[in-house]
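Structure first, commentary second.
Every chain is named by a letter (A, B, C and D) in the order it is written, and numbering of its residues begins at 1.
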Amino acid sequence: MKRIKLAYIGGGSKEWAHVFMNDLALSEGITGEIALYDIDLLAAKRNQEIGDLLCGLPEAKTKWEYRVYETIEPALRGADFVVMSILPATFKEMASDVHEPEAYGIYQTVGDTTGPGGILRSMRTVPIYEEFARKIKEFCPDAWVLNFTNPMNLCVRTLHDVFPEIKAFGCCHEVFHAQNFLCDVLEEATGIKATRREITTDVAGINHFTWITKASYQNMDLFPLLDEFILKYGETGHNERGEVDSFLENPFHSANKVKMDLYRRYGALGAAGDRHLVEFMRPDWYLRDAEMIKRFKFARTSVAYRIEKRERRIRELEDIRRGRIKPELKGSDEEAVAMIKALLGFGKLVTNVNLPNVGQMPGYPLGAIVETNAVFSDGKVTPVVTGELPKPVKNMVLTHVYNLETLFEGIKKRDLDLIFTAFLHDPLCLKLSIEEAKELFRKMMENTKSYLEPNFSIN
Amino acid sequence: MKRIKLAYIGGGSKEWAHVFMNDLALSEGITGEIALYDIDLLAAKRNQEIGDLLCGLPEAKTKWEYRVYETIEPALRGADFVVMSILPATFKEMASDVHEPEAYGIYQTVGDTTGPGGILRSMRTVPIYEEFARKIKEFCPDAWVLNFTNPMNLCVRTLHDVFPEIKAFGCCHEVFHAQNFLCDVLEEATGIKATRREITTDVAGINHFTWITKASYQNMDLFPLLDEFILKYGETGHNERGEVDSFLENPFHSANKVKMDLYRRYGALGAAGDRHLVEFMRPDWYLRDAEMIKRFKFARTSVAYRIEKRERRIRELEDIRRGRIKPELKGSDEEAVAMIKALLGFGKLVTNVNLPNVGQMPGYPLGAIVETNAVFSDGKVTPVVTGELPKPVKNMVLTHVYNLETLFEGIKKRDLDLIFTAFLHDPLCLKLSIEEAKELFRKMMENTKSYLEPNFSIN
Amino acid sequence: MKRIKLAYIGGGSKEWAHVFMNDLALSEGITGEIALYDIDLLAAKRNQEIGDLLCGLPEAKTKWEYRVYETIEPALRGADFVVMSILPATFKEMASDVHEPEAYGIYQTVGDTTGPGGILRSMRTVPIYEEFARKIKEFCPDAWVLNFTNPMNLCVRTLHDVFPEIKAFGCCHEVFHAQNFLCDVLEEATGIKATRREITTDVAGINHFTWITKASYQNMDLFPLLDEFILKYGETGHNERGEVDSFLENPFHSANKVKMDLYRRYGALGAAGDRHLVEFMRPDWYLRDAEMIKRFKFARTSVAYRIEKRERRIRELEDIRRGRIKPELKGSDEEAVAMIKALLGFGKLVTNVNLPNVGQMPGYPLGAIVETNAVFSDGKVTPVVTGELPKPVKNMVLTHVYNLETLFEGIKKRDLDLIFTAFLHDPLCLKLSIEEAKELFRKMMENTKSYLEPNFSIN
Amino acid sequence: MKRIKLAYIGGGSKEWAHVFMNDLALSEGITGEIALYDIDLLAAKRNQEIGDLLCGLPEAKTKWEYRVYETIEPALRGADFVVMSILPATFKEMASDVHEPEAYGIYQTVGDTTGPGGILRSMRTVPIYEEFARKIKEFCPDAWVLNFTNPMNLCVRTLHDVFPEIKAFGCCHEVFHAQNFLCDVLEEATGIKATRREITTDVAGINHFTWITKASYQNMDLFPLLDEFILKYGETGHNERGEVDSFLENPFHSANKVKMDLYRRYGALGAAGDRHLVEFMRPDWYLRDAEMIKRFKFARTSVAYRIEKRERRIRELEDIRRGRIKPELKGSDEEAVAMIKALLGFGKLVTNVNLPNVGQMPGYPLGAIVETNAVFSDGKVTPVVTGELPKPVKNMVLTHVYNLETLFEGIKKRDLDLIFTAFLHDPLCLKLSIEEAKELFRKMMENTKSYLEPNFSIN
């Protein structure tokens, strides 16, 4: 039984923390302390209670010691692992990020990664992460750092920029959905029911705009099966998580029509939910208006929906905490605990992860954050070399990579002109005139100013 | 006196040939044969007569022997130099290239390089250049080939792809205008009247979307002077070729307001006419509508204007030929003869030129055609290493480089789907839905089908 | 149970085939045909008999159908896997390779990879592999090809050069010995008895001159333990396979004194037997003379020893075949069957392998064959990105990489001058004057001329 | 008339300063102050007197104001140009550098760039240059810095490492000799008498181990003429500076037999004197012993010869100063003044120069100092992209580049182990055992210890 200390920054999380606490309770061979830190202290305490509850269930394989810290320093001190999953600012700012651009005909489905929303969110988040990086350098320089916060790319970029020796990477489950979709493709063609971990995919790109260039099950190439599948479902759509129209109820779902359309055009499979993919491309391809969005069968995740969902969730957690609902231990499809175990020497794991480019994507700028497969084992994460993306896809990915580099340089140097240039160049802004872009940018800054550094204020 | 044979493909040209014939007549130290070939035989013969006329003038420094060939092979055989300057198809096809997209809100100022017009023109031109390359390989493999035809980039790309040992490069005078503009900047600040050849500029990019990252006169950096100049003329504009509003009469002119706007934003100077620069960027930045175009003080060069200009020119040539106008020898600002002389050993020349990237633009794909400075001397053209473009500019240039590579692959393989993908990805098409893009592409193919290869026909 | 056809080129092998046949008999989940082909038909038949015998043992987990083919084509036709393990020419030629240079003060310990011996062996082997590649392209283009023949590097280089789509890689167990050595290091420091597969090593370099830049067991870094280990054993030596002086009896053994000396100097661990490592470096560092060789506690593997060993082995095989010795099934430390199973979808495997550089060794020429870790799974082999080698080690590796590229180009073009240049530049030849190098090269060609192509004959 | 201030560090130089002062006196269009600084104050004063004398001659085109400074700071303050040409330490240390290794069979012909001598000289020089770089940063950060001191490579490397914005490059005339040699080749074949400036050469490599991959006169390729020339003179030799055997008297001369031998083997022409080239290659190719050196017709430049030459020179200078010899103004073949004038805007110059690799040698490490052609004009030096060196030559150049990087890192970090590793890896040391190398290194450190930093002392 290996003992570890794991610091959880954003430990009051209402969603992801719970998935993780379940997986932790079910992990064999490891135990130790989970140090919860959150600016919402009550939320952290609630999670502590629930964590204790989960560990006490008879199915639990291991007993973790949950502790809540009021400041970040003691939470980090001596940690072997740091998990980071925060919401920068509040749903009010997120509402501005996502919905303000609608007045300019810019419809965002998520708004936390790219587009005007992603850029404003980055302006709030990078300075926080600069501080996190300095704290980690001081209090647990040898810790492995798993980031789950969005914007994933610039969070990981900031950590490595401030503390180059940091052992940090970013984890995202979007690729897993594409793998589940491929399981359905396999089953449709052969009747074989595989799990996503039995599917091997070559993955390259950036977070939420990742692409699968090869997929196989055993020694079977899945792309020919996918060609067949699309002939059948390309128009009607297919949802790997349920009914094809469930996106009407649940705006996290989609019918994968965009994914299939892209595959037909480029020969590579977008490896994120359709609602993420569309935000990286020309707005008039999939996001022109409500009619087009409906035709392609995905939904925009409104902040109102998120607020409602959170409230439902808080009630549910309260019910669990008070014993009104009996918690049930359930392993997830996530890889965080598997990664931790592989790093501790419990066997090798190959999975997709966000890391600085050290050559895993040849032809892309070194140091930029990319998402590819990597081997996790014995205290090491080693990325694998990716194959070539189709030229037009490479072109779209590079556009974002360089725009992210521009944005990052702008935020790092607190150079508002450069940040605005990145804003202006974002593909979702491409129908704005330069003046309109300035106007929208100013409004979004104004809306969120209480969470922007003073030196970010508008001149 | 060195004797050479120079084959002129497109030797019936009504504009550029005359500039060149003037420069040839004024060149010292070289003489020989000018072999004119054109599918318009009469035009070639007319140029022969005028060429002879020019060489007979008392100011002429050298006497060239002009010959007209009815087929290309004997024109090329044994040539030391080949100059290529053709119009692929007719003004009818050009009218479709430039104006058909207007129905979709796409306003092109030139339409021969990028955008929907550039793509259709490329589809007509690349197959012709494949044939030219094969002929050169057969009849004059050691010749230096100077290309002036647009689309410059894919013409040069095709020549090198079909015949990798070819000594071909592409020449364009757009950078010269930017240098003349810089002369005005220098004079404004210091009173010094310099010529553009006394200005040194670091040049990087692709044809018609080239950028100056440094400019100096003697040991004086011109960019600080440019900053001052823009404070003064940024709003009103400035035309290095005459009155600031002359673009209203002459659609080849502009007031450089775009150039100055870009410089302010990026810190590098676009080194082509504003009407070229705008076509490479977001349409809503400078090309949204007539009002915006007028505000930025440049003009769209309509094909009607070109037709009228040509007719005027033909009349003028006829007048010269018949002795009604006395021709006057006048050296131009062009570099073609200077390049030829440098290659023959008459001193070194450093100028901008289109060549495959062999490292002159580090970080850009090798083999793609780029425009940078190069040293011409003694049978060699050697590009110089360029400095870094500002990140957002690099991003825009790379977008075009990869889209050109996609387009070239599509045309080379006669893969209409891939060509359409390049069309869809062109920045000027970015407000089209996928269906609209298909519709426009089909129309433009239909309009120009008599000049498209049968295997390019629409399925 | 998956059925495969595996063609074994060099199927009369007396050593490696037997290791492999044992592993095959013990492999679960796969079965099928083993197609033996060898120019020594009798040897192949003998192996067939022994293969059948092994599969008949009660411990066997699977039953393979061994078949002998008199020609290569039907052996290859339809194969899923091809294993290649041949001896190019005979021990007579090998004796010239290894021992002729001794007259010039060049002492080779192995003589099959680098040095004068490696070069002459390459000249015999590359043409054979050109033919193999063409046959594979014709008869089983989709087969996975596992090469075990030396010179490993140029065998794999040739296969990919002749048939670029080939799914070929090279396997070598030398790294495994270094891993076993690290197991001893771990045990010495901690008492933990691990197997080499529980050790994770970052591997980079070329075959037989591979380097470990990081090694860990669980989350423990092994290099600090190695520092300690060398303080203790650096002078006396340590043999991971037995007594420290066993190299006196068995010239395949060593005391790892070279390996430890190199680690002390460069901070990276040579990941091949000392007898291989020394051949890639300056001869006067470890190979100056018998005294120095003895002091560093390794041995030269003479061809006389190999001949004697083979004879002993033939008698032993005869005893098995005639039932005088009862064969015993014993799994090996090799990875060949594990690789095959991973490719067929039986789980992932990360191991070192020789492949063309597609970016796994950034800064080294693309296309050159390098040895690094790779992930094997579901019909794919994907190399991982390696870390930086220490500068002086990188320098030595690059020297060999470029000299191998020179040698390969020379053999491919049948350009004897270029081959000689590679010979002259080989580090083991570095004490020869140009004339002496020519003389030795001519002698070695003369000695082996019956196995050299006529176009390789001496002028 | 442009006025400049030029600081001359090492302004007491007895040789190069005089060449330079002649060229300065003959330069039109520029004038100003020459600030002489030297730790040998008397020598600087002597040069001042001679400089004044030269400027007073009737043939002088310009009058410079020579001033002597006792400290470096005022000499540098406000300088537009800095020329650096020093002798690190004295001939006593140089004697150790050059001759101590002879006891180990290592014969150096120059001993100031590579080999054991070059390494020890680097250990003395780099710390001095670190200080120079800091002074330039402080007192004249915008100055152009022309370095002439050896070891050229690490002097320029140090300047750029300490002060990355420095405008420094290194100048060497060795390539000019190769160009003069090519003039003889041209004349032999065609009777044309050209000067080296009329020859165009493509140059790539590192200082004193530079290679010409193409050479032309007008549009004539000189390499076919060189093939002919070598058939005739390859054995007997040819000296572009006089009698073929003049090397017997003047150890700076040679018969170019090495150069021709290398060209025959590699197809590229070594562009430095034979005595430099041989030091970069295997010692047993050209430097094995006196007999071999004599056979290849070059000489070792002993320090005794240098001392004698200097004494002769001092007497000669004294004679000039005292009016016993009448000085005569004579323009040299050097480029320093031409470079300065081109930087000031007096026309373009293309010449070879040592600069950090920013892409001019693709495939070589960025930041390493390389020698290639560059365009000088209007306040800029822009390197041209070089062609590929033949693989075996590239291999030799890369070996030195990486060993220089190792050496530089060692000196920068004052890491004696790493410096020794570079020493051990130097090709001239390759016949030493590791112990012998240590012994020689220690002796050479001991011999020169009064000029080594204390932290470089032997432990």
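As a working rule, a residue touches a chain if its C-beta (ideal position, glycine included) is under 8 Å from a C-beta of that chain, and two chains touch if they have at least 3 such contacts.
Bear in mind that the values here come from a model prediction, so they are computed numbers and not experimental data.
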Partner chains that chain A and chain D have in common: B, C
Interface with more contacting C-beta pairs, comparing B-D to A-B: B-D
Chain whose Cα centroid lies at the greatest distance from that of chain B: C
Centre-of-Cα separation between chain B and chain A, whole angstrom: 46
In contact (per the touch rule at the top): chain pairs: A-B, A-C, B-D, C-D
Residues on chain B engaged by chain A in the complex (per definition of touch): 261, 265-266, 282, 284-285, 288, 292, 363, 365, 391-392, 394-396, 398-399, 402-403, 405-406, 409, 417, 421-422, 425, 430-434
Chain A to chain C touching residues, read off their complex: 2, 198-200, 202, 214, 216-221, 343-345, 348, 350, 358-360, 362, 373-375, 377-380, 382-385
